[in-house]
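After this come two complexes, each holding subunit A, first together with subunit B and then together with subunit C.
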Partner chain A sequence: MIKVRPQLGGMGGSDITAPIPASRLRWQRGLSRALFLLPIIFMMVFFALPLALTVVWSVFERTMFWMKPGFTLFSYENFFFSARLDNFLSSMMHSSVSVVVSFVLGFPIAVFIRRRIPQVAQHRVILLFILPFMVSEIIRIFALRPVLQRTGLVNTVLLELGVITEPITAILYTPMGVIIGEVMSFLPFIVFAGFLAMEAVPKYIFEICDDLGAPRHRVFIDVILPLAAPGIFAGGVFIFVNGLGVALLPNILGGPGAVNAGLIATQAIAALDFPLAMAVSAIMMATLLALLYLGHRLFNLTRILSPIN
Partner chain B sequence: MGDDYTRLWTYRLKWLYTLLVVFTLMLPVFYVIYISFNQNGFGARDYVFTFEWYSGIFTDLLLMNALGNTMLLAAITTVLAVPLGLIAAKFYKATGTDRAKLLTVSLLLSPLFVPADILGSALLVFFKNLNIACATAGEWLGVSWFETWFELGYFSALVGLIIYTIPYIFVVILITMGRYKEQQSEAARSCGATAWQAFYQIEFPQIRAGVFSACAFTVILSFNEYTRTSLLKGGYDTITSVLISQMLNEGMSEQSYAMSSLISFIAIAVIGSIIIYTLVHTDRLEREARAKAQPVMSS
Partner chain C sequence: MNQKNDIAVQVSGLAKNYGAVQALRGVDLTIGAGEYFVLLGPSGGGKTTLLRLLGGFIRPTAGQILLHGRDVSEQPPNRRPTSMVFQSFALFPHMTVAQNVGYGLRLRRLPKAEIAARVDAMLEMVGLKDLADRMPHALSGGQQQRVQLGRSLVLEADILLLDEPLAALDAKLRKDMCLELKHLQEQIGITFVHVTHNQEEAMTVADNMAIIADGVLVETGTAQDLYENPQARFTADFIGENNIFDGRVSGLTGSGVEIDLGFAKFTVDAQGQTPRVSDMVSVSIRSELVRVLGPGEAPEALLQTVPATYGEAVYLGLATSHVAKLANGDNIVARHVSRGGTSDDFEAEAPLTYAWPRTQMRLHLS
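== the complex of A and B ==
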C-alpha cells in the first residue's frame, strides 16, 4: 500500500525529471514504513511493555523507598492472605451488579435506537449519550454527593413528596453508593457497545420475526442476544474492569470498607510499597485477559469490529 | 416500522425513557451548577442568585497557573495523539494481513479496558525505572545529557494522556474513514499525484469532520483527566488535581461548586456546539447531495 513514486522508470517519466537515486528511494521507503509503524511502536513501548513488566516488578523485593531486583512472592502473599482479597472479591460483586443494572437500563435503549429510529438520525441520538461522558469524571462522581446525601436532592424531593418519612442514608458511603456511581459513570458505554453490537442484527430480521409471529421475549432471547453477544460482552467487561479499577468511586462514594483494586494499588503507591501495587496491577491484567479470552472463545470477539471494516 | 403508528404511545414512552436516562446521567452536574449560583451554598433554605463564587476563581493565582498547565498538556496531547491515531487508522486500512490488523486494533483499543489507576501505577513504576536506568547508564558512560529525559513531568504525563485518548481518536477516525472509497486515492495516484497529495487533497477533506471531532474529544478528555495525570505529572498542578485536593481537604466548598460547574459548563458548551454544528452540517450536505442527485429539467 505504501508505494513510493511508482511512476519511476515507466512511461518515460525519467526523460523530464532527473531520476531519483536508488539510495534515496530506499531511504524514503524505509522512512514512510517507519512512520506507519510509529503508533504501534509507541503503544508497544509505553503501553504493552509497562503492563507486561508489572509481573516482573511484582516479584521484586521492597526496600525503604523503592524496590530492588530479586524474587519473592511476598507481595502476592500480602494480597491474597489479608483483608485485601475480601475487598477485591466484594468489589467484584459490586462491579457485577453494576454490569447487570447497566445492561438492564441501557441495552433496551440501544435496541430502541437501532430498531425504531431512522438510519440517518441514529447517530444523533447516540451523540446525546456522549454529553455526560464529556464532563470530568471527578466532577460527575463528586456531584453525586450533594445529590445522594442525607440532606441531598433525592432525599429532599422524596421527603417533600411524602414518599419517605425519614431520609435514606443507605445510598451514600455504602456499597450501594459505589454501585450507583458505577452505573451513572459507565451506563453510556453499554449504550455505545450495544449500538455497535446491534449492527450485527439487520432490521429485516425483526420483520421476519414479526411475520412469523414470534413473541417479543423470544425475539430478544433467541435472536437479538446471540447476534449482539460480542458487543454486549465487550461493554460488560469494560464496566466490570473499570468498576474494579477506578479508585475514585469507592474513595468518594464508598464507606469505610469499600476498597477496589484501583484503590489498593494507589494506596500501595502512596505507602511506597511498589511491588504490592505492581502485584495488584498484574492480578487485574490477568483478570482482564482471562475475561477477554473467555469471551473470545465463547463469542468470537473479532465480530465486534465488523462495523469498522 | 408498522407498529409505530398502531402503537404510537409505546414509541413515545420509549423516547421519553431514553431522554429521561440522559437527563438522569446529567442531573448531578445540573444540580452542582444550580448550587453554584446560590449565595447561601448547598443545603440552604433560601435561594439567592449570585455570581459571587465565580469571581474568586479568576483571581486565584494557583488556579490560573494550574489552568495554564492543563491547557498546555491538552494542546500538546492533541497535537501528538491525533496524528498518531490517524496514522494508525491509515495503517489499519492499508495493511493486508489479518494478523497485522488484529495486532493494530487490539493494541490501540485495549487501553479502554485498562482502568486508570492500574495503567497510571504501571507507567509510574516504568518511568521511575527508566529514570534509574538512564542515570546508571549516564554514570557509566560519563555523559549526562539524557539523564533527565524520563523524569516525571510533562513528558510522562503526556504519554499517559496519549495512551488514554488514542483509542477514542482511532475509533472516531476509523468510522469516518469507512465512508471513504480507497479507489479515489488510487485514481489520484495514477493521475500522477504523490502519496501526500493524494492524502491531503483527496482523502483529508472527506475525513476532516472525523479528525476535527477527534481533536475536540482529545482536548476535552485530557482537560478532564485526573488519575493518570496526577500519578504521572510530577510536581506541578493541573485543574483537576487542584479541584480534587480542594474537595478532599475542605469538603465541597462554595468555590469548588463554582469551579466544577465552570469546567463542566465549558465542556458541555464545546461538545454541544460541535454536536449541533455536525447535525446542521450533515443536514446541509445531505440536502446538497440530494439536490445534485435530482435530474436537471430542460425547459
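== the complex of A and C ==
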C-alpha cells in the first residue's frame, strides 16, 4: 500500500514518511476490490446465469414464435429419438479424430520449440501460431473450399501430376472436409497447450534420460507424456468441444453426414424451436462437464498452472 | 572391484570452447581406479565443464578422454562406464523413490523380480528403505540426493560423477552427507569424481584432488599436500588461509633464495625449484603458523619477523584472527586458538612484530 512518490523540488525528505490520509487508503482499497468484483459480476450476469437458464428453458414448452414456462422433456425426446442423436454421436467421433490428428501434428511442434529453440526466441515462435487468428474464422474456413472442391487446387494439382485420374470428392462436403477444417482451425491450440504443458517437464529430465540411456520413444512415453498429460488433455478437450460446437465448420465444409451439435442447435433456432436449441446446448454442457470431471480424476487438472518446484 | 593401480580416467589436452569463451584449456589429468577424486575450484572455473565432458553431456573442442583405457571422447553418456549425480534434486517427479531408482534397470529390460531385488538392496544401502513408495516432492533435500545416488549406483557403473551433489543442502546436513559419501565409496570401491567449490567438503571426502580455475588445472595432490605444500600461488590463496607476499628474486645462495619484497627481504629454501634472479615470485605462510609478538618480546632465532601495525581481532570461535598492516599497506593475518578472556588482545595501532618459522615458508614460481 505504501508507495514511494516522486519527490517534488523543494520538499523535505520527511514527506516520504508522512502517513497517507486514511480516507485515501480506504478509497484505494475499495477501488482495488471493485476491479476484481466488476468482471465477476459481468461473468455472472452474462455467462453463468444464461447458461443456467439454458437448462431451465430446455424444459419449457414450445410456442409458435417463442416458448412458455412449463415442464416437458419433449425437446430431449426430440433429440435422443431422432437422427439428431446419430449426428451428435458421429460428430463426437469426428471431433475425436481431429483431436488425435491435431495432437500428432501439433505436440511435436511444441516439444521442438521447447527443446531446440533458444529460450529467448521461444515465445516469438509461438507468436507465429497466433497469426492465423488475425484472419476472420469464416474467411479462413471458406478459403478451404476452392482448395478442396472438385475442381480445386488439390484435385487440379494431383490430376496434372497424374497421381489420380478422377477428382477426389471425399474431401469436401463430407466428414473428412470437416476434420480437415477442424485440424486447420484448432492446431494452434494444441501447440499452445503443449508448449505450456512442457513447462512441467524440467530440462534436467532429458539429461538423466541421456545418462540412463533411454531411447527417444521411451523418454516420450515414460516421461514427457505423464508429466505433460494435464496440459495435453486441456488442449484436447478444447479442440473436442469446439469440434462439437462450432456450427461454421460443418455448415461450410460438411455435407449430409457431417452435422455437429452446434449446427443442430443453429438449425433448431432457424426453425424457431428454441427449447430444442436449449436442450442441445444443455447436452453439450453436460458432455463438457463429464469430460472435465474425467480429466480431473485422471490427471488432476489443477497441475496445469502449477509447474513442479 | 577395481585394482588400485588401474587407471580409471585419463584425460589429455582436453579443451572446451563456448563460442569465444575458453571454458577449459589443455587439461591433462589421471585418476586411479577406486579413488575418491575431487575437482575443487571457484565457481565458473571450468570444473563442472570437465565433469560433463567426462560424462559425455558435452563434446570436447580438443583433446582425448580415456575411461578404463577406452577412448570415449565422442561417445554419448550411456555408452560410457559413468553415471551422473546431478546438482540439485534431479529426479523424475512423477515416479516413486523405488521407480526412480529402478528406471535405469527397466530400460535395460531386466526381469521384474531382479529389478525389485536390486532396487531393494540399493534403497537399503542409501538408507531409504522405508521411503520406497514416497514421491520426490515429499522428500527432504538430503533424501532426494540419496535417491539420485541410488539411481546412479544401481546401474553398477565403474565411475560415479557427482556434480556439486551437496550444494543445495544446509551446512550441518552437508557435513553428515560428506562422511556418508566417503564411507559409501569405500564400501563399494568404485571411482568417484566429485565437483565442489567447498573446500571443507573436498578435504573431507577426497583421496586426491585437483584445483581448477580459469579453465586450467592448477595443481593436483592429496588434501594434505595442497594444504601444507601448495606449489602454485593460486592454490595457496584458495586453500586454507595464507599470507602471500609477492616480490622479486634478488639473490641466490646455495638452495636459499633471497626475495626483495620492497619493505623487507626474506630468504626462502628453493624446495627443488629453480628460480632465476629478478624473477617475480611469491612466498606464502599459513596464518596459523604466524605468531604475534608483543612489544618487547624477543624473537627466537630461526623466526622470520616483520614489523606490523595492529588493526583488529576477528573472533571466529575456535580461532581468533589478528589482522595487522604491513609497511606496504597489505594486511597480514595471524590465527591463534582462542583462549577466551582478554589476554589475547592487542591495542589498535600498536607497533608489533609478526613472526613465523623460516622453514615453513613456501616459494611459488607461478
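Following the convention adopted for this analysis, the second predicted complex is superposed on the first by the 273 of 309 C-alpha atoms of A that agree within 3 Å, B and C clash if a C-alpha of one lies under 4 Å from a C-alpha of the other, contacts with A are read in each partner's own complex, and residues count from 1 in each chain.
Keep this in mind: contacts are C-beta pairs under 8 Å (C-beta built on N, C-alpha and C of every residue); 3 or more make two chains touch, one makes a residue touch a chain.
All values reported here derive from a predicted model rather than from experimental measurement.
Trainee: So, on subunit A, is it clash or fit between subunit B and subunit C?
Mentor: Fit - subunit B and subunit C, as placed by superposing on subunit A, sit side by side.
Trainee: In the overlay, answer first, second, both or neither for which of subunit B and subunit C A:Trp66 touches.
Mentor: First partner only.
Trainee: Which chain, subunit B or subunit C, ends up touching more residues of subunit A in the combined arrangement?
Mentor: B
Trainee: With the two structures laid over each other on chain A, which partner does A:Leu85 touch: subunit B (first), subunit C (second), both, or neither?
Mentor: neither
Trainee: Once the shared chain is lined up, is A:Arg218 touching subunit B (first), subunit C (second), both, or neither of them?
Mentor: After superposing on A, A:Arg218 lies in contact with subunit C but is clear of subunit B.
Trainee: Touching A:Val104, do we find subunit B (first), subunit C (second), both, or neither?
Mentor: neither
Trainee: Touch check for A:Ala271: first (subunit B), second (subunit C), both, or neither?
Mentor: In the superposition, A:Ala271 touches no partner, neither subunit B nor subunit C.
Trainee: Once chain A of both complexes is superposed, is A:Ser136 in touch with subunit B (first), subunit C (second), both, or neither?
Mentor: The answer is first: A:Ser136 touches subunit B but not subunit C.
Trainee: Which holds for A:Pro226: it touches subunit B only (first), subunit C only (second), both, or neither?
Mentor: second
Trainee: Based on the superposed arrangement, let me know which partner A:Leu144 touches: subunit B (first), subunit C (second), both, or neither?
Mentor: Only subunit B; A:Leu144 stays clear of subunit C.
Trainee: Rounded to the nearest Å, state the minimum C-alpha distance from subunit B to subunit C in the superposed three-chain model.
Mentor: Nearest C-alpha pair, subunit B versus subunit C: 6 Å apart.
Trainee: Share the list of subunit A residues that count as touching for subunit B in one structure and for subunit C in the other.
Mentor: The answer is residues 210, 308-309 of subunit A.
Trainee: What part of subunit A is in contact with subunit B in the complex they form?
Mentor: 1-7, 32, 35-40, 42-44, 46-51, 53-54, 57, 66, 105-106, 108-109, 112-113, 116, 120, 124-125, 127-132, 134-140, 142-147, 151, 153, 184, 187-188, 210, 237-238, 241-242, 244-248, 261-263, 265-266, 268-269, 274, 277-278, 280-281, 284-285, 288, 292, 302, 305, 307-309
Trainee: Where on subunit A is subunit C touching in the complex?
Mentor: Going through subunit A, the ones touching subunit C are 202, 204-205, 207-208, 210-215, 218, 222-223, 226-227, 308-309.
Trainee: Quick check: in the complex, which residue numbers of subunit C touch subunit A?
Mentor: 55-57, 76-79, 83-84, 86, 90-94, 103-104, 107, 137, 151-152, 155
Trainee: Going by the contact rule at the top, pick out the subunit B residues touching subunit A in the complex.
Mentor: 1-2, 4, 11, 14, 17-19, 21-22, 24-29, 31-32, 35, 42-43, 84-85, 87-88, 90-91, 94-96, 102-105, 107-108, 110-126, 128-129, 159, 162-163, 166, 171, 174-175, 178, 189, 192, 194-195, 220, 223-227, 231, 240, 243-244, 247, 252, 260, 263-264, 267-268, 270-272, 275, 278-279, 286
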